[in-house]
Amino acid sequence: MDYFLIIDFVQSLLDGLLFGTTYALIGIGFTLIFGVMRKLNLAYGAAALAGTYIGVAATFAFDAPPPVVFLLSALGSGAIGIVVYYCCFRFTPTHYPMASLLASVGMLLFIDEVVIHASHGMPLPYPSVFREATIELGDIWVRGDLLFVFFICVVAMAVLFWLLYRTPLGLATRAVSQQPRAAALCGIDPTRVNLLTFGLAGILGGIAGAMTAAAVGVLSPIIAMGLTVKGLIAVVIGGLGSIPGAIIGGLLVGAAENVFLMLRGVTERDIYVMLLLFLFLTLRPGGLFGSTAGRD
Amino acid sequence: MDFYLGLAQIFGVHTLLGLSAYVVLLTGQVSMAQAGFYAIGAYTAGAMTAMFGLHILPAIVIAGLVSAAIACIVGFPALRVKGLMLVVATLAFGEMVRLFFFNLTWQVERNGDRVGPNGAEGFRSIRYFPENGWEVWHVTVFIWFVVVVVMGALWWMDRTRAGAVLRAVGHDETAAQSIGLNLTAVKVGAMTAGGFIAGLGGGIYAHTVTHIEHGVFGVLLATFAIAYPILGGLGSVFGTLIAVLFIQGFLIEGLRFMGEWRSLLFGALIVLAMNLRPHGLLGEHAPRLKNLFGAGPARPSDPLSTKEAK
Amino acid sequence: MLALDSLSKHFGGVRAVDGISLTLKEGEIFGLIGPNGSGKSTTINLITGLYTPTTGTVRLDGRDLTAMAQHERTAMGVARTFQNIRLFGNLTVAENLWVAQNGHEQRRAHFLGRWFRAGGEHSPEIGELLKFSRLHSKRDVQASALSFGEMRRLEMARALASRPRVLLLDEPAAGASREDGQILAERIRETRDRGVTVLLIEHMMELVMGISDRVAVLNFGRKIAEGSPAEVQANADVRAAYLGSKHKDEELIHA
């Protein structure tokens, strides 16, 4: 095999794995919400994008430095997550999942349209960090901005794990996701846990959105669909409801996407990522870490 | 006048799109792939008339069959997963189809012009209707003829054992298995029927607009497809029809004065409707026709089906 | 006719069913009892195919069902009810029976006639089942609108609609009064008299001991006793097992 082809391949794989952490974050968000509510929030990717736009708005409003933009993106997305909870999940019937699902699709379209109207559909510049820096490992280059994305996403995951496994809040969340009725009997208010989960998942989504935009350098409404579909694919590959699964799935999607980008070009890339999903559905419908074979 | 006839054409193709999702929804499956099947139908039918010079009727039937075959093939892996995972799988499938047509370039020489799908440009001059001297009202009547046939068939299906079986599977899969129903066969069957109807609808759509391109067949269209039956209610085919008239007529055409902001309303309306009437306008167990005509629970007031069938 | 051979089902480390062997004779009522969590419902789920056994086989008249899908087992003549009733609440009473006609002969009917004919819910066969379960006056009522007792009756009728050879009843008297239990016992006997073999899982000892031809007792996934109701009640192991779980002992002795 050609040496340069191998180098290209390894380079694509590496870039993909680094960028894949954003998909992992989105996947975790989907999984968290699914965990406590047994429902799919399809508006999640759009909420993440909208949060990122809130960050950008800050640069226009008072020329905010990048860290503030990132922070505002995360918080904005968290706030929108809570709004989504109230609009689509709080008051729809629990035993008719179609209602909340369709409501969240409606919300996806609504948020998307609001963003397009507010930004006139034009891509906006988004601050990126360490764009010029690279680390050279022989013929492989590690891009500084991607390393930054990777770093931030890993920190976000670490904080999440700390929250889930070391705080009373996390205990309550895990209790609700395992035994909702028992948790309610123990005096845990499910609405509060749901709210916190939506907020938390929203913040993760905002970080993912911000990091996606930071890696590309521009922010455009198209990102929402990519985040939604790729994040969902990551979750399916990993197994719905499993956080480690979402992480592995996200990295896998990121890597596969970049390798296909190298092999087949940008327009065909996503077709192959989706074929990968169908491969998994056929061979391992429960996902890598799913225990119950895709049953909900 | 032509404006209203054109509007009726949009109602017609969207009713077909909604009905294609209706069949699948009866089994409790939410398929976001209907826009994909619609796209397959649109490109296939377009190719049949514009590239190979077929008559419109065989062209849309072939489009329906191709979509049905693909729906059947996709159904097997996709239906191994349930509920929410299926939403993801079908969403991805729909996007995959869209990207496929985004990349598809396949043109042939016809009457000195090159016709056929041309990547991001789309598929231009699917001009069967104007080339053959069909007037607008001819097209409208043709579309509604197809819609009435499909609606009638589905309405009839709803009253047969097949309809009851679809609803049984939609209500409780474990119980349905325990009484000896083959879940895979039922669900793949519904998916195939849905694919056929979507293919018909897409095939007709391609000819009414003469130019199709991948962007049309995105998530928005997939959402329309499932939104019609859910908003209208899964009690009968008429829920879908009413939802199409309401959304397309009122929301899209009636509020033209709102300009671009109209598109915001669709999403907001869905959110609102699902909070206020989660089981749809006509409800889940909407009165089937018999209860509207022959009052009361006495079933013999439903002589049509029992006597004809025996 | 129905034979379970060293059937086991493990969930992770838990041996819900651990090497059970049973043989039902044609036309008998066989009671399967045991404390909560002793593996009774799991056994039914293994027979119908809802669960795949870890080891062991299920046979009906010598034909191995173990690898068959659930709908194939129904066609072979296996039918069941659920402990927590599972009706199609969105269908009428008659339609619930209509969709369940998936027995062997019914399956051989012409495809179009079987699936795409309207009005089949008014067939004489369904009318007869409705009479049998005393639901004739409710035939066009939505199943979700029935009373609890009616739901139980409908579920049993639905199981019979596929013309089964063996009927598995998972706690049919749960939540029923003593009188209802007696009516139920009558109905189970009638079912047996129609030539259907019955496997009855039940907590109500009076019912099981009153109508069963033979009884087997499960504890911790194992069979600890089998025999006539009188033999089982006299068995020391059985008494010990029920003493372990409170209240049950009393029922056992009084029954």
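Observations
A, B and C label the chains in the order they appear, each numbered from 1.
We take it that contacts are C-beta pairs under 8 Å (C-beta built on N, C-alpha and C of every residue); 3 or more make two chains touch, one makes a residue touch a chain.
Worth saying up front: this structure is predicted, and the values here are computed from it rather than measured.
Because contacts link the chains only in sequence, without closing, their graph is best described as a line. Comparing per-chain C-alpha centres with the mean over every protein C-alpha atom, the closest match is chain B. At the far end from chain A, in terms of centres built from Cα atoms, lies C.
Centre-to-centre separation between chain A and chain C, using Cα means, comes to 47 Å. If each chain is reduced to the centroid of its CA atoms, chain A and chain B end up 31 Å from each other.
Between chain B and chain C, the centres computed from C-alpha atoms are 42 Å apart. Not a single residue in chain C touches at least two other chains. Those residues of chain B lying in contact with chain C across their complex are 156-157, 159-162, 164-165, 167-168, 170-172, 174-183, 284-285, 297-299, 302, 305-306, 308-310. Chain contact summary for the complex, chain C toward chain B: residues 48, 50, 69-71, 73-75, 79-80, 82, 86-91, 94-96, 98-103, 114-122, 139-142, 158-159, 161-162. Residues 34, 39-40, 42, 87-88, 91-93, 96-103, 105-114, 117, 225, 229, 232-233, 235-236, 240, 267-268, 270-271, 274-275, 277-278, 281-282, 285, 294-296 of chain A are the ones that touch chain B when the two sit in their complex. Listing the residues of chain B that touch chain A in their complex gives 25, 30, 77-78, 80-85, 87-89, 91-93, 95-96, 99-100, 102-103, 120, 218-220, 223, 226-227, 230-231, 260-261, 263-264, 266-271, 274-275, 278-279.
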